[in-house]
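You will see chain A twice below: alongside chain B first, and alongside chain C after that.
Let's turn to the complex of A and B:
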C-alpha cells in the first residue's frame, strides 16, 4: 500500500528515510508541534515550495530541460485564484475555478512555448522561457486595473478557512480556520507530490529519463522526443500553477513580488540542485532546507552575533544583515561537496 | 522474394565532399547483406541516411514500398527500421533491463503510460528478460549500463535492436572490440535472425571470416559509390574489391 503510494520509489538510504519522515511528520503535525503564527507560516511555505520544486524537477532533473518560466506558471495559478475570488466572490467554487483556469492557462502557455522552441534545441527553450517570463511580469505590473500592478491585491477566501472560524480546541491548540486552511494546502500539496512521484516512475517517466540520458538514441528507438518533452513541460507547468494557487490561498494576496519575481525562480533552481536533480524526493529536502534557511538563518545569526560580541571581527561577520552572504556560502559549499545533491550523496553513501 | 528496403540515388554532400554518392540498392526479405569497404567509404553514413540520423541531399529511401526518406528517425523506427550503432549508444544511467524494456515499450503502447508504475508492467519485463537471455546478459540485468564491460555493452546494443523487433535489422560492426569468446554469442544470434525469412539484415563488417559465414550477398562501397554487388565469393575475388582495399585486407584472408 505504502509502496504503491510512493510508486515503489524508495528513498534507498536509511538517513534519507529518516529525514523524509521527519519532514513529513513535521509538516503533518506542524500546528501542534510548533504552535505560533510564524512557524505555521513557514510550514505552509514549505508545503507549497515542495510541490513547486518537485514540479520543476520533472523538467530539469527528469527531462533535462532548463526553464526560467516556472515562476510565471506559479503566478498563473496564484492570480487565477486571486482573480476568481475577487470577481466571483469568496467561496470554494472560486478557488477551484481559479486553480483550474490557472493550471489550464499555464499548460497552454507551456505547450506553445515548447512547440516553438523544443524542436530546435533545448537551450533555445531556456532563452524563450526567460523572454516570455519577463514579458509576462512586465504585463502584470502594467495591467494594474486587472492585476493590481506592482502592489498586487488582497482577496477574501472562504470564511471556513479564515482565522475567525473557531472550531474548538484540540491538544491544547485552538483550531481555527487558519489551521484548516493549512491542512487544505498540506494535503493538496502532498497529493500532487505523490502524483508527480508516480509520473516519474511510470512508463512515461522512464522514457523521460531515457531522453535525458541520450535523446539521440531515444529518438532512434522510436520515441518522438519533442512530443515527450512537450508533455512533460505542460504537466510541470500545470503543477507549478497548482502550487501557485495554494500559495495565494495561504497568503490571501497575490502580487508580482511573491509569485513572479526572479528571486523565486533562483530559489526553485537552488532547491532542486541542492536536494538532488532527478529525484522528486530531493525537491522535498531542498525546499525544506531553503525555506528554513530563509526564515531562521537571520535569527540564528542574530543570537550568534550577540554571543560573540566580544570577538570584534566575528560578531560583525555574523550580523543578521549579512545573512544573504552566509546563505550564498552555504550554497557554494553544498554544490561543491554534493554535486549530485543531498539525495544523490546519501544514496551513493549506502 | 520482395524488396523490403530500397534506396534510389541516395546521396549526401557535406560541403563539397560527397560522402554517399547516388547509391541505388534493394534489400530482399530473408537475405543478409554485408556492406564492406575501406574506412571512410561511407558505410556508416549510408546507414545514417537510411535510418534518418542524417537527412539526404537527394534520392529516396523506401521501406516496404513506402517512401520514408523525409520521416524522422523515430517514425522510421516505428515503421520497422531497426538500427544498432557502431559506437555504443545506450542509456548509461539506467539498468540493463530498463534499457531493453524501453526498446520494447517504444513499439508497444502500454496502458496507463502516465499513471501506472513502470514496474507493474510485468509483460514488458518478461519479454525484456527473454531478449537478455538470448544475448546472455540476464545475469547482469540490474547493473547500470555505465558499469558494464565493453563486450557486454556491445551485446546490449544488439539486444536493443532485437527488442525493437524490426523488419530491417541494421548492424554496424556488432562485434567490434569484443573478445574472441564473446563474439560468437552475437554472431550466432545474427545467424538465428537470418532464419526468419520475412526480415532483412544489413551488416557493416570488416572481418572477412564473419562475412563468409553469414552473408548471402556483399555490396562494396568505395568513396561513397556502390562499386560491387553480388555473391560473396565472386565479389571478394573481383578486381574492383581488391583495388578498393588497396590489395591489403582482402588478400590476407
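Let's turn to the complex of A and C:
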C-alpha cells in the first residue's frame, strides 16, 4: 500500500528516510506540535513550496530543461484563485474554478512557449521563458484595474476556512478554520506530490530521463523528444499553478511580490539544486530547508550585522537585505561541488 | 566529342524572390521605418522617435554583441552578462560623479573627456571582471548547458548583490554632462544630443567590429571558430585563448553599453543589467544565436518598434518585444541569421 502510494520510489537511504518521515510528520502534526501563528505560517509555506519545487524538478531534474517562468505559472494559479474569489464571491466554487482556470492558463502558456522554443533548441527555452515571464510580471503590475498592480489585492475565502470559524478544542489546541485551511493545503499538496512521484516513475518519466541524459539517442530510439519535453513542461506548469492557488488560499492575498518576483524563482532553483536535481524527494528536502532558513536565518543575519557594526564592510555583507548574496554563493558552490544535492549525497554514501 | 550534357550547370542569377528572401532581414529595418512613418503620419515626431529608437537599438546592440559571440564561439550561454552591464554603469557613473567640475563645465571638450574616461574605466573594470568570471564561474562547466545557466545566474546574483554592498542599496540619480543635455532642432523635430551621440558610437562600433571580423586575422579565426572550432584547433590555433579574449571583449562591451544606458536614463540601479538582459536575450534570439549582424538588425528592430508602439499605443509597448520575437520565430525558428555550424 505504502509502496504503491510512493510509486515504488524508495528514498534508498536510512538517513533520508528518517528525514523525510520527520518532514512528513512535522507537517502533518504542525498545528499540534508547534502551536503558534508563525510556525503554522512556516508549515503552510513549506507545504506549498514542496509542491512548487517538486513540479520544477520535473522540468529541471527529470527533463533537463531550465525554465525561468515557473513563478509566472505559480502566479497564474494565485491570481486565478484571487480573481475568481473577488468576482464570483467567496465560496468553494470560486476556489475550484479559479484553480482550474489558473492551471489551464498556465498549461496553455507553457504549451505555446514550448512550441516556439523547444522545437529549435532546449537552450532557447531558458531565454524565452525569462523574457516572457518578465513581460508578464510587468503587465501584471501595469494592469492595475484588474490585478491591483504592484499592491496586489486581498480577497475573501470561504468562511469555513477563516479564523473566525471555531470548531472546538483538540489536544489543547483550539481548532479554527485556519487550521482546517492548513489541512486543505497540506493534503492537496501531498496528493499532487504523490501524483508527481507517480509521473516520474512511470514509463513517461523514464523517457524524460532518457531525454535528459541524451536527447539525440532518445530521438533515435523513436521517442519524439519535442513532444515529451512539451508535455513535461505543460504538466509542470499546471502543477506550479496549483501550488500558486494554494499559496493564495493561505495568504488570502495575491500580489507580484509574493508570487511573480524573480527572487522566488531563485528560491525554487536553489531548493531543487540543494535538495538534489532529478529526485522528487530532493525537492521536499530542499524546500523545507530553504523555507526554514529563510524564516529563521534572516533574523540571525540581522543580529550578526548589528554585532559587527564596527567593521563597515562586513556588517553590510551581513545585512539581512543581502540575504540573496549568500544564496547566490551557496547556489554556485552547490552546483559545482554538490551537483547531486543532499539526496544524491545521502544515497551515494550508503 | 559529344555535346555538353543537358544538365550543365547554369550560371544565371538567383530568381528575384530568392534574393529578396535572403536579404529580408536587412530589409526589415527600412520596412519598419516606412511603416512607422505611415502609422505616425507626422514627420517631425517620426524623426524624433526614429532617432531615439536607433539610439536604444545601438545601445542594446553594444550589450548583445558580446553575448552572442561568446555563445557562437564556445557554446557558452552567459546569463551573468547582465551583471557586467550594471557594473559598467556604476563604475562609469562613479567617474562622472567624481569629476564633477568637468561634468558641469560648459565645455564640450571637457564633457566628452569625462564621458571617455567613464567609458574607459567601465570597460577596464568589466573586462577584468569578465576575465575573472570566465576563470572562476564559467570555466568549470564547459559543455554542460544546464550547469552553465545555473552557475551564471548565480554569478549574476552575487555580482548584483555586491554592487549593493559597495554602492549602497539605493538607486543613484545624476545629471548628464552639461553639453550633452538638451536637444537640437532639425526640421521641426527635437533630437536629443545624447541620443545622436549614442547612435554615432553604436554605428562606429558596429563598423569597427565588422572590419575586425572581415579584414583581420583574429577576426578570421573567430569567424572560423564559430563555424567549426575543432578544425581551427586542428590547424594549430589555441581557440581557448581566443575565446578568453572574446569573453573579455564582450564583457567590456557590456560595460560600455551599461555606461551608455546609464547616461541615457540618468539613473542607475543594480537591477538594471537584469532588466536589460531581457531585451538582450530577445535581440540575440531573433538575430540568431551567434550572429553579430543578426544581433545588430535585431537590436534596431527592437529599439524602433518599442519607440513607435510606445507612441502609438502605450499599453501595447509592454509586450511589443515579445510579439516581435514571436513573429520572427514563426518566420524563422532559428532566428533571422542563424550561424551555420559545420558539424
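The rule we apply is simple: the second predicted complex is superposed on the first by the 310 of 350 C-alpha atoms of A that agree within 3 Å, B and C clash if a C-alpha of one lies under 4 Å from a C-alpha of the other, contacts with A are read in each partner's own complex, and residues count from 1 in each chain.
Assume a residue touches a chain if its C-beta (ideal position, glycine included) is under 8 Å from a C-beta of that chain, and two chains touch if they have at least 3 such contacts.
What you are looking at is a predicted structure, and each value in this text was computed from that prediction instead of being measured.
Student: Tell me the contact category for A:7 with respect to chain B and chain C: first, second, both or neither.
Tutor: first
Student: Mind working out whether A:219 is in touch with chain B, chain C, both or neither, as first, second, both or neither?
Tutor: Only chain B is touched by A:219; chain C is not.
Student: Spot which of chain B and chain C makes contact with more residues of chain A, would you?
Tutor: C
Student: So, does A:201 touch the first partner chain B, the second partner chain C, both, or neither?
Tutor: Only chain B is touched by A:201; chain C is not.
Student: Have a look at where A:210 lands relative to chain B and chain C in the superposition and call it first, second, both or neither.
Tutor: first
Student: Is A:116 contacted by the first partner chain B, the second partner chain C, both or neither?
Tutor: second
Student: Share the list of chain A residues that count as touching for chain B in one structure and for chain C in the other.
Tutor: The overlap between the chain B and chain C interfaces on chain A is empty, containing no residue.
Student: Which stretch or stretches of chain A touch chain B in the complex?
Tutor: On the chain A side, the touching residues are 4, 7-8, 195, 198-199, 201-207, 209-210, 213-214, 216-225.
Student: For a test of understanding, state which residues of chain C touch chain A in their complex under the given definition.
Tutor: Spelled out, the residues of chain C in touch with chain A are 77, 79, 137, 140-141, 145-147, 149-151, 153-158, 160-162, 164-165, 169, 274-275, 277-278, 281-282, 284-285, 289, 315, 318-319, 321-322, 325-326, 329-330, 333-334.
Student: For chain B, which residues are in contact with chain A within the complex?
Tutor: Residues in contact with chain A: 51, 53, 72-75, 77-78, 83, 85, 89-94, 98, 101-103, 105-107, 110, 112-119, 121, 124, 160, 164.
Student: Can you check the complex and tell me which residues of chain A touch chain C?
Tutor: 60, 64, 66, 116-117, 119-124, 126-128, 130-132, 134-135, 138-139, 142, 262, 266, 269, 273, 313, 316-317, 321-322, 324-325, 327-329, 331-332, 335-336, 339
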